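Submitted below is the structure of interest, expressed as structure tokens.
All chains are identified by letter, namely A, B, C, D and E, in their written order; residue positions are counted from 1 within each chain.
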Amino acid sequence: MSVQESATVSVAVHEARGPEPRRLRAWWVRNWHPIVFALAVLLVWWVATALNWVAPYIIPSPAATWAAFTDNAAYLAQQTWVTTYETVIGFLIAIVIGIAVAVVMVYSKGVEQTLYPVILFAQVIPKIAIAPLFVVWLGFGMAPKILVAVLMAFFPVAIAGLSGLRSVDPEILQLTSTMGAGKLKTFLKVRLPAALPELLSGLKVAATLAVTGAVVGEFVGANEGLGYVILQANGNLDTAMLFAALIIMSLLGVVLFAIIQIAERFLIPWHASRRDVRAVTVQA
Amino acid sequence: MSVQESATVSVAVHEARGPEPRRLRAWWVRNWHPIVFALAVLLVWWVATALNWVAPYIIPSPAATWAAFTDNAAYLAQQTWVTTYETVIGFLIAIVIGIAVAVVMVYSKGVEQTLYPVILFAQVIPKIAIAPLFVVWLGFGMAPKILVAVLMAFFPVAIAGLSGLRSVDPEILQLTSTMGAGKLKTFLKVRLPAALPELLSGLKVAATLAVTGAVVGEFVGANEGLGYVILQANGNLDTAMLFAALIIMSLLGVVLFAIIQIAERFLIPWHASRRDVRAVTVQA
Amino acid sequence: TGSDASGGSGDEGGLTPVTLMLNWYPYGEHAPFYYGVEEGIFADHGIDLTIQAGQGSTKTAQAVGQGQVDFGWADTPAVLANIDKGVAIKSVGVFLQTTPSAVQVFADSGIEEPADLKGKTIAVSAGDAPTTTFPMFLDAVGLSPDDVTQQNLDAAGKIAAMLSGQVDGLIGFAHDQGPTIAAKSGKEVRYLRYSDAGLSFFSNGLVASDSTIADDPELVKALVAATSEAFAAAAEHPEDAVKAMDGKDPQMPESAVLLDQWQETIKLLSTDATEGSAPGVNATEDWEATLEVLAEAGLISGDGTVDTYFDASFAPTE
Amino acid sequence: MQQDTQTTAERMPRADADTILSIRDVSITFESKRGRVTALEGADLEVERGEFITIAGPSGCGKSTLLKAVAGLTTPSGGSIRLHGEEVRGPRQDIGFVFQRAALLEWRNVRGNILLQAEMRGMDMKAARIRADELIEMTGLTGFEKALPHELSGGMQQRVALCRALLHEPRVLLMDEPFGALDALTRERMNVELNRIWAHTGTTVLLVTHSVAEAVYLASRVVVMSPRPGRILEEHRVDLPAERGYAEVLETDEFHRVSSRVRELLGSPADAD
Amino acid sequence: MQQDTQTTAERMPRADADTILSIRDVSITFESKRGRVTALEGADLEVERGEFITIAGPSGCGKSTLLKAVAGLTTPSGGSIRLHGEEVRGPRQDIGFVFQRAALLEWRNVRGNILLQAEMRGMDMKAARIRADELIEMTGLTGFEKALPHELSGGMQQRVALCRALLHEPRVLLMDEPFGALDALTRERMNVELNRIWAHTGTTVLLVTHSVAEAVYLASRVVVMSPRPGRILEEHRVDLPAERGYAEVLETDEFHRVSSRVRELLGSPADAD
């Protein structure tokens, strides 16, 4: 999409319906890039390991990685489930806290000044460094992992939320202030929807950090979860297992990310960023 | 600032000039929240350690932490310099890469589909897990630390940049498309400025992650830097030193963050989020 | 999960559930615990043992101190340092009495003896006992700390750096990384042991919190006794012992590595003073030597006596 | 001045029981880094309950600023504004406001944007929905109830904003060029509707317009402002029945008399526009 | 129909050398999840070099859509548009466009917004700056060169957009209600300026307006459109000298003849607005 094309908000589309092969071809035209790219990556990986460009203790072969998957399918599924659970809970809590922080900061300058250093501090310190504290306070259950996920994920939510809530057209706020609604209503009906596009892009960052957070939390002290798998694999230099776990982690991040992308379609269909998809003229 | 007040874009301000004590009082009225809060935190910290609510091997006393600072001032300054250097370089590279990624993704759907999984992968995997790769490929210098900082920081830049670049008013793009400028010009003069507010909020997240990234990079393998100090303090159970290093790290993050806040003042004075500060009526 | 291995065998009634946190993920050194559970040794002592992976001796020591687990299996220097910092625990018997600390190099690296380390780069982990005592080792072999370049790296990075030739060797526990490196590289690994240079101090042993010791001395006694028996049995039947770990955790090193690790461990179970005694029997002179070394290395204050760190009332006596 | 008009100087503020809005010596100066702009200087206006004031004046003379000050959205630098006898401080909720820009919520469709007024005020939603449909019908937006703002033409957006301001039948209506983007016919229809609503409900209206014909047709009083800094130049009472036919009014002498005076004041020639 | 007008049916497309813009049987249908809206249906228009076409029509009839299609910003669903003899595909750069909405860059001040045109086109900046100052002077924005868009009144914003479109002296000028937010006097001044520019430069202009007087005063040809779906109802040539005095024109028979016919077509009464 060039500048010029993208500037043409109203673009002509050809009707997509047609016989099967045509639809398949249309699908291929839309999606060939990532598919070809993925295959290329796989090929390079395979060649690099087959020709011993990299030692297997650094990067395992695709075959070895696949074997690690299949040989430990049930085990990996169990660990994935644990990490997924921690990630999702942590992410949800992070959303709530992040939005709450953004809201109080938008509404009060004093709170903003007070909270900013706190959340910055919480964001900046490496979670692994304060791990012992979590273990001491929260034990070895899921709590410390969820805490790390929350600590890592809430910051982007808060920052994006704050910036989004601030960007509301001042004239719209003037208008709604003459409608006499309470703060909550104004927030729910005006500020929040206006902030959604920005907030959702903060959530995308947060989703990936929640995954990392849960895994890092597992590094700190866990007997299960993908972090446990990774750390142990690292200790044994079991790179096949390491890669298997890393791939699962990434998939977890991709899935969360995709969920937000889909949510965008429903939550902000009106937004400029999505508009070219919708305002189309019909070809006669 | 209530909804109603914040909606009143044009607010009356009283002239701030006056005799010294009045200016001091005005300053205090504006800034007492964070100051009081910081003092409260210090007090709680002091009481908690003095009364032995928490063991010193978990949280050191403020006095011990202060002593760690002063006793090791030169050493800490040296390590801080190293980490600062890695952080700043990593952050700058992350900005460039993040914006570049956002730009190519805005301009090409195919590239977007291809790159998204890649950058997601880069974002999601815990950097500590791929430490051996960095060591093997990049050795023990600053390169791997900077790489980790870049890997952690570029994602929020890319996501916020993408979302910002997409949010440009379609009608403005239509207009400028009739002005016949090349893509680069349109980008520099229209898309980028329009995306700046969102991009800057992405940079805020990225700045904090760059600090974390540099330190995590040092965990992986370094003989200097705050990450090394933290590791060693952790190994020696020297919590005072650990806290000293963590506090410096946080300050580093806060400073970077503050620089972006100040940059905002110059780069987007026109933005709605800053408007209430500027469009003011003068009291007669 | 995989690492949980409760002693399901034995009589159901009357068993006390006990959680033991290891110093690290399970590897060959821990075979006796699994073997002891499988053989019913712990059950015979009235203990239903749950083995839990740990993430470093310090975390294990503190988890014991906080009462999050009943007992810990941790590296003595770390335990002592934690006690110095106020963690309310005590050692109740050190089993690995010769330090496994060693400089590990490839046999074909041309480094035959410690003196050959001069001018080499060695991977270390900041803050751990082998690294902190490394200058003393160098001193013992007639080198100065400046003769060797130390590169700090995390656990996985150390091995990778050595395999890829970026460092000439690494410092660690001979019975831990060594077999892994040998297995991954297919090359023989040479150990330059601290103990061979006359530098020795205690390594892994059992720790209990002060409150457990005060409230339930019988339990402590039973655990120490059972552990001692299990180590003895495992030393006698190394293959069976390692086999007991099978399937406990899919990620454990392969059995050959496990066996290698355990056999390396067997060598460490006693000192000259305790030669022939049951595993876990500690000699006061060894404790004193350990305190002296660690104090000199700066790991502990040096103010405490053996009693500060070690409760001798539980270790087997013969 | 002409006999039946008052100049600002002549008309003295009275504490009238029926005075619904009183603007006294209001000045508004904006400050920005560029310097100061005085939008209004010493504006005076008394409005009685049920009046229809139309305001005309050169572009940039402070008409929008005045309306915003009345609504409590801009704080005057000097002078006082009293609405319903109370000093205006902060946004007023007892009004309906049509901004110069449509200012629609881009995520709400036409009906949703209109109903925002009802939702924010916690009005009875069933009744509001019926009223919204009436207004949509009246403004000729039928068929576009579900269209999003960006799918509407400029004039259609403006009509949505109009519906939104009328939904709650406010006692005071502030309208800033509400018909500027409409074609003559639609504009005329809207004028007639607005006249009918005003005549029947006794709403007090302040309406800014650039069309002299519209100003005179709708008003019970026409206010003409001077160029920036805006002051009120003259006011002209329009002596016509409350409910007026469009074509008839245009024929009356009163209409011609007032229009030509207003045109004169605005410096515009004859009867173009 | 009247003798000196052509209806769409009568006027057949000719391959004229001087035809600068030819719109033939253009239909535009928007599709959204709500359904389809046909904005234009079978619109035909031939414009010769140097003509001034004003377009009037009811709100929502497709006037803006037509201009955007001419600029290549909306792709017609059917029919063809040729500008300078080339089929229009994608945005055209050989035009100046005043949008219905001012569409200013909120981070650029008045001068910066006007100069955007020059920067984007890589024009000589020194000359452009001089020209910009002339335009600012002409549109009465002097003193506000450094003001940001949100610090301007509605009419002032519109004038900035006008300056921006005029800066590069385009050969074809598309203007979508460029004076809608201006008061009568300013509007008249702008009209006169625009007429002067047109008369002296031979620019071809398409201008959408709701003011019949403006439409007739400015035009060499007035085009009236039907309600949605928009078609071209009638075209009326305005037989007046290229450069025209405002007051004089308003007196001419030609002005009255065309205006009343246009008013009739638009369904608007007599000579209000």
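Methods note: contacts are C-beta pairs under 8 Å (C-beta built on N, C-alpha and C of every residue); 3 or more make two chains touch, one makes a residue touch a chain.
Being a predicted model, the structure only gives us computed values, none of them experimental.
Q: Which chains touch each other through the most C-beta pairs?
A: A-B
Q: Using C-alpha centroids, which chain lies at the maximum separation from chain E?
A: C
Q: Please work out the Cα centroid separation of chain B and chain C, and write it as a whole number of Å.
A: 42
Q: Could you put a whole-Å number on the gap between the CA centroids of chain D and chain E?
A: Their C-alpha centroids are separated by 28 Å.
Q: Could you grab the centroid distance between chain C and chain D? Build each centroid from C-alpha atoms only and quote it in angstrom.
A: 86
Q: Mark out which residues of chain A touch at least two other chains, giving numbers and ranges.
A: Counting only residues that touch two or more other chains, chain A contributes 4, 7-9, 58, 132, 136, 169-171, 174, 176-177, 186, 219, 231, 234, 237, 271, 275, 279.
Q: Residues of chain C that touch two or more other chains: which are they?
A: Within chain C, residues 58, 62, 156, 159-160, 164 contact more than one other chain.
Q: Please output the residue numbers of chain D that touch at least 2 other chains, ranges allowed.
A: 30, 32, 68, 72-73, 91, 101, 148, 150-151
Q: Of all residues in chain A, which touch chain B in the complex?
A: 1-4, 6-9, 31-34, 37-38, 58-59, 106-111, 113-114, 116-118, 120-121, 123-126, 128-130, 132-133, 136, 155-156, 159-160, 162-163, 166-171, 173-174, 176-177, 183, 186-187, 197-198, 200-202, 204-205, 208, 211-212, 215-216, 219, 227, 230-231, 234, 237, 242, 246, 249-250, 252-254, 257, 271-273, 275-276
Q: What part of chain E is in contact with chain B in the complex they form?
A: Per the stated touch rule, the residues are 68, 71-73, 91-93, 95, 97, 99, 101, 103, 105-107, 116-117, 119-122, 148, 150-151.
Q: What residues of chain B sit close enough to touch chain C in their complex?
A: 55-57, 128, 131-133, 135-136, 139-140, 219-223, 228, 231-237, 239
Q: If you look only at chain A, which of its residues touch chain D in the complex?
A: 169, 171-172, 174-181, 185-186, 189-190, 193-194, 196, 268, 270-271, 275, 279
Q: Provide the residue numbers of chain C that touch chain B in the complex, in ascending order.
A: Per the touch definition, chain C meets chain B at residues 58, 62, 81-82, 84-87, 125-128, 131-132, 150-154, 156-157, 159-161, 164, 166, 299.
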